[in-house]
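The chains carry the letters A, B, C, D, E, F and G, assigned in the order they are written, with residues numbered from 1 in each.
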Amino acid sequence: MDDASFWLGGLTAVTGGLMAVTRRNAVASVMWLVGAFLGMSVLFLGMDAGFIGVIQVLVYAGAIMVLFLFVIMLLKLTPAGLARVDRPKMTIAGILAAGALTAILCAVAVASPAWTRDGTDAAIRARTGTLVQGRTAAVADRLFSDHLLPFEITSVLLLAAIVGSVALTKRKV
Amino acid sequence: MDAVMNWFGTPVGSAVVKVLVVGNVVPLLVSFLVWLERRVAAWIQDRTGPNRVGPFGLLQSFADLLKFIFKEDVLPGHVNKPMYLLAPALAVIPPLVALAVIPFADRMMIADLDTGVLAVFAFSSIGVYALALGGWASNSKYALIGGVRASAQLISYELVLGLAALGVFMITGSLRLHDVVTDQANGLLIDGTLRDGFLPKFFDWNIWKQPLGALLFFIAALAETNRAPFDLPEAESELAAGYHTEYSSMKFALFFLGEYAAMVAISGLFTTLYLGGWTLFGAENLFAGTPALQTAWQIAIFTGKVVFLLFTIIWIRWTVPRFRYDQLMDLGWKRMLPISIGWLVFTALATWAYAQHVR
Amino acid sequence: MPPVTTAHYVMLSAILMGVGLFGVVTRKNAVIVLMGLELMLNAANLAFVAFARHHGNLQGHVFTFIVIAVAAAEAAVALSIMIALYRLKGSITLDDAQELKG
Amino acid sequence: MAQGRLATVSWGESEEDGGAVLTTVDSLVNWARKNSLWPLPMGLSCCAIEFMAAATSRFDMARFGAEVARFSPKQADVMIVAGTMTYKMGEAVRRLYDQMAEPKWVIAMGACASTAGMFRTYPVMQGIDHIVPVDFYVPGCPPRPEMLINTLIQLQKKVASERAHKGLRVANLKAEKATA
Amino acid sequence: MTPPESAAAENVLETRTAPVAATPDMVSRGFDPASGHMLLNMGPSHPSTHGVLRILLEMDGEKIVRCEPDVGYLHRGMEKVAEVYGYNKFIPYTDRFDYLAPISNNVAVATAAEKVCGIELPPRAKALRVIASELGRISAHLLGVGAFAMDIGAMSVFLYCFRERESIYNYMEALTGARFTVSWTRVGGLSRDVPPGWLDSVKRFVDGLPKRVERDIEELLTTNPIWVDRLSGVGVIPKDVAVGYGLTGPALRGSGVEWDLRKESPYLGYEQYDFDVPVGEHGDAYDRYLVRVEELKQSCRIILQAIAKLPDGPIDVQDHKLRLPQKRSVLTSMEELIHQFMVVSEGPELATGERYFGAENPKGELGFYVASDGTGKPRRMRVRGPSFTNLSCLPYVLKDAMLADVVAILASLDFVMGECDR
Amino acid sequence: MPAIPAAIPFGALPGAPPLLAAGGAGAIDDYLPVLIMLGFGVVFAVGSLTISWLLGEKGRKLRAKDTPYECGMPIQSHAHERFGVKFYLVAVLFILFDVEIVFMYPWAVSWGHPDPNRGGAPAMGLLLAEVAVFVAILVAGWWYVVKKGVLEWHKED
Amino acid sequence: MAYVKVKRRKLTFAERTYVAPIAKGMVTTLKHMLQLGGTERVTMEYPEQKWKLPDRYRGAPVLVKDAAGREKCVSCSMCEYVCPPRAISIIPGEIDGPVEKAPKVFDIDMLRCIFCGYCEEVCPEEAIFMSEEYELCGQTRAEMVFPKDKLYAMGEKFGRDGRTKDPVKKYDRLVSEAAAQGLDLTK
């Protein structure tokens, strides 16, 4: 099952991502990216990270992308608008940069036996005793005991974000 | 042959069967619901309502559906075609998927997820795109205003929905909806002893432990499904038909279907969270000897509760006037949000005190 | 097909990272650039969870969770800046933003 | 001409149509269409009040499944023009008619919509059939709600006798391809 | 067989697929496309414009910056008709003014014509006219409130209102022969007296009406916070503005101006009846709603009183120059037949003179300025439609309103386009 | 001290293991039926759109059909005009609060289920303190937003 | 004088919470649903049940003949003249017999007619009446122009006892009155 989910999710995620960054129409980009995030969620599920998988949909696909959509609708970013790949030099540079990054990382991954040979389910189970299950309760317990500080800092960060965006967007503060 | 039967025995196979069953029952239920809506509206208004098509007019919705299928499928030239087509599809998929997580009988659900309610919220949050895209892609002012308003309404009340339901999980300690139901079926644990029997079991329902939470959830659910008094996205009379103004034939029907399916889904969720799901004060085990019958009976109980809720929702719709847009936002952000936070704090303190007391 | 290993996930993560980077570098529209960034963040999340699985603990999950939250905050603020910019300039191509610097 | 109830006009299911036998497909399609005639109310003036009355408790058009008034023309099936149409209004009516999806029908409700009735005056269009094809004319000023419902029943009969399957896209796919 | 009109329709279908735009050029009227404002077109076919009013809204986001009402979609040339057709033949046309209370218009136009030549009606005719026009007021206010409720989303209230209206239709039908296009009055009297038993059943209906209104309307709306919030403070028209725009009727009284023609210049013997005229305080939509509901109840009071002291006697002035003779006598007496021919073909002979008469109709002051040259046809008849004047304040009330309030404001003004455009 | 974990107020028994809760199976097995449902939904939506396209009446192309509904009038100005920034702010606030609520859910699980057997579960007191701070910050954010008048729809931003 | 300010009640807290008034409203609608307290269902199953029309009801105008089967209309054109929409068109026939000329053509365009009853009111011969017929509709305009024979047929069918079936029989009365004076009009 895990393997199928990898291929399915991976394909969706990559296709969605590629389409998202190349569409002329910004709204189409958003929808492709939503698709990519759904694929990503399948990937998480394949890694037994159920909680993260669901949160991924809830927050990324269901909230953050809505915000993007709103901004696009708000700013009249229609097809005829601004969204164009119109910097050929940058395109080439982009392809080169992205390609290089990807190639290097992939090479590292393939070359590392720790990730290939010891990265199968069986190997992990043998090594760690069990496959880790990212169930809600487990993640929650970790979060609220060991990672207390990041948790609280996040809340402060969110507060800052609220204040920041309100201050930025409201004309008469 | 055997291979096929065996495949149905596998988790995947049984899931496929359930999906097919649920996927086909839901449209049926929706068509019944549309009929119910029109009949109840008529009764409230001293009328008869549709009664010519089939017995009691029960086939009315099918006539409507078929008509939509055979109606010209207009793909107007002024719209953004891919998005325009995507929107109705997105309207109907999320509620269907959300239904997959809701248990309708003991150990009967399509997917028993440990993220349970979060998954439901996650799927239904995708529904926002249907409205926003529908309004945007239509390239029409009425649709655009309607779509933007509708999606803003939806996301605002999603918060309240999430906060209101939180209390239940603080009590239950699990997001798994199956656990939430079984938790409501044991009877009350008072001073360390488990009181069984009708009354304790009755008061074990979360609606008694979380009255305000249930109310908030119910109101937010009305808003989430665009039902009166929150039905402005499509019924606000200044916007003609709102975000689906430009949709015709089956595409419009899909919006319609999605909306009613969302009603079914959210009623199912409410039943699960607050009304004890398939349980009925012990009566759900009436046919404990015959599992098949037992399951059918429990499904009947569950469906009964859901239909009652749906009836209430319809009843409310034909009673109240509609909010204005800003009132609705005010209600969501300025009243229900703080109240639900307050209720959350109260629940936390109460359970904490209780835990101290028991210890 | 060979069984899927951690390496596969890492490679996938790298590819997604590349796609995101491509978007960030080539697109002129700030909103899309931001989307590319979100994609890159996600690629990182993927790697985190893959490593968590690889090492049999939940650190990666917790971390991802927090990253998602931070991403939300980041998106909110970044888009707010864009709105403010848009109000100032009437467009949101990145070049205009550069003019602002000077 | 003058026998029977005057309203019951018979439709040529036999001779003119060349004795066409309606197929099962036709009857299914027609069954759905005739039982779900959603109106696009063009409530222009006084007749609109009687149109509303036809939807209210006593007359209850809903019994025929025709109470779902859609103001968006794309979702409606039968345009009920109820009231006096002036030339100024004509343009809007025509545009809305054009925006309706096929199949569509038009009922001219009341004297004004049918012929302009008592308004033989300069601003009033002398009958809506100058700009839209009318399926049924309903006399009266205003027609009783029953009259409208009666017309609706007649329209149902008319719909039921139409040949539907020829108009469906499946039947025309080849032709469409050929022209394209 | 096919009349030429239908043939034309076929042609038109082929040729006129896209009608030419004939909209006002907004740019020339000061709309700046670069302002980022949105032009929203409401009407003429819109669920909440109560007929065929068209409003062009210039909006900044959700706020209305400017509003241009565009009337005339229902202009039917009524005043011209009056000049050509004469008084009696004009009466069916007045049915179509305020078609929510046709009988009140009938009464108003006949009374106006009578005022020109100073005809005094027999008391029974007067009282019957009062009963009828108050019934008309009830029916108009029921629809006004019902349509208001429907626009705000309370569909059921609308149907309850219509249920009551159906009863009024029945009485109208029994009295005049038609559900609402009654054509009941004639210059110098009425076309028919009440049928037997009519008064009793009207009395029974009117007796129970306030209670039913309380149950079906007020209980569902008046104290419902959704309703109150949507209406109070919305569409405020201060006293002086209301007077300045010449508003009349509930729209004026909602702003707190004490002005009701039935009290200020009583006609048809309104001074004999004891009734209150409700006025508002704040001038908002909620006040206008309350005023209507209260007026409705007061009308019930008037009807009860009028029925209680309804005198016997003729319903016509006994003047063969004005009224048709009795049918029976027409059939047998040649002289009467000639009278009949004269009255029909020449119209009622009125005195020469010019006179304005305004009646307090459900929507406000329905005025007729009649210039009579002594023949059966007015030389000029000018109609003052209350809806038109009431609508004139739209640019004022809609300015700076939110889009969401437009519906409430329109509904609270309760206009009828038949009367506005005439 | 009852046998049942006491902190679950009003008494909950640990539910029986649900039928489909795959014991050792990975998350993907749990979620597979959901994916199947998703597939069903997609097929359903696409199918009905296709069917209605195929079976729909063939209509004539008219120019009027390609114009949006505007009460029967020709369009006055373009639909995609600028919108009040209010809607955007609502969306921003939504995602921020949404994230906070998402944090609360795992917290509720920990709170309602401090199973001593589970090991490493934080104590209730600690949880209470944590959430107190968290909610306080949440409320502070809310208060700021309200005070700034972000949600006042009658005022332009 | 008798102007009163409308009372605007301040909403109580319970009412402010939305729940109470909505619940109250729901009770009202429930009453309607269950048909309690004078809220019975009023729907008339139209094609099967029909509304009992009052005597005065003004349906489609029809022509009647007298007891002897003679056309009463004398083509005096009063109705044609008075008809506001000019729905009636008459071509008078030749004078024939003791009664005046019967119409050769008498068409009423039902789509023009506004059922105002003016023709009935002015007809000096009581030849035209408003009938009970209201269920008319047609698919073409031409079929809705009713010729004389159809109007007479409708007069037979939809005439009502109180009005059309028993109109004042002018001709008979003239005959009898003349007979009283010793004249015989029937010759």
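The definition used in the following text is that a contact is a pair of C-beta atoms (placed from the backbone, for glycine too) under 8 Å apart; a residue touches a chain by one contact, two chains touch by 3 or more.
Everything numeric in this text was worked out from a predicted model, so none of it was measured.
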Common touching chains of chain E and chain A: B, F
Contact-richer chain pair [E-F vs A-B]: A-B
Farthest chain (mean CA position) relative to chain F: G
Euclidean distance of C-alpha centroids - chain A vs chain D, Å: 54
CA centroid of chain B to CA centroid of chain E, Å: 46
Inter-centroid spacing, chain G versus chain A (mean Cα positions, whole Å): 75
Inter-chain centre distance, chain D versus chain E - centres from mean C-alpha coordinates, in Å: 30
Two or more partner chains touched - positions in chain E: 5-6, 17-18, 38, 40, 42, 44-47, 62, 92-93, 156, 159-160, 163, 166, 181, 220, 224, 226, 402
Multi-partner residues of chain D (at least 2 other chains): 56-58, 60, 63, 71-72, 74, 91-96, 98, 101-103, 115, 118-119, 127, 129, 141, 144, 168-169
For chain C, residues that touch 2 or more chains besides their own: 68-69, 72-73, 75-76, 79-80, 83, 87
Which pairs of chains touch, using the document's own definition: A-B, A-C, A-F, B-D, B-E, B-F, B-G, C-F, D-E, D-F, D-G, E-F, E-G
In the complex with chain B, residue positions of chain F that touch it: 1-2, 4, 6-13, 15-16, 18-22, 29-34, 36-38, 40-42, 44-46, 48-49, 51-53, 55-59, 65-71, 75, 79-81, 83, 87, 90-91, 93-94, 97-98, 101-102, 104-105, 108-109, 111-115, 124, 128, 131, 135, 138-139, 142, 145-146, 151, 153-154
Contacting residues of chain F [partner chain E, same complex]: 62-64, 70-77, 81-84, 86, 153-154, 156
In the complex with chain A, residue positions of chain C that touch it: 1, 3-29, 31-32, 34-36, 38-39, 42, 45-46, 49-50, 52-59, 61-62, 64-66, 68-77, 79-84, 86-87, 91-93
Partner chain G, residues of chain D touching it in the complex: 1-2, 5-7, 9, 57-60, 63, 111, 114-120, 127, 129, 135-141, 143-144, 146-147, 149-151, 153-154, 158
In the complex, chain A residues that touch chain B: 25, 27-28, 31, 34, 50-51, 54-55, 57-58, 61-63, 66, 69-70, 73, 79, 135-137
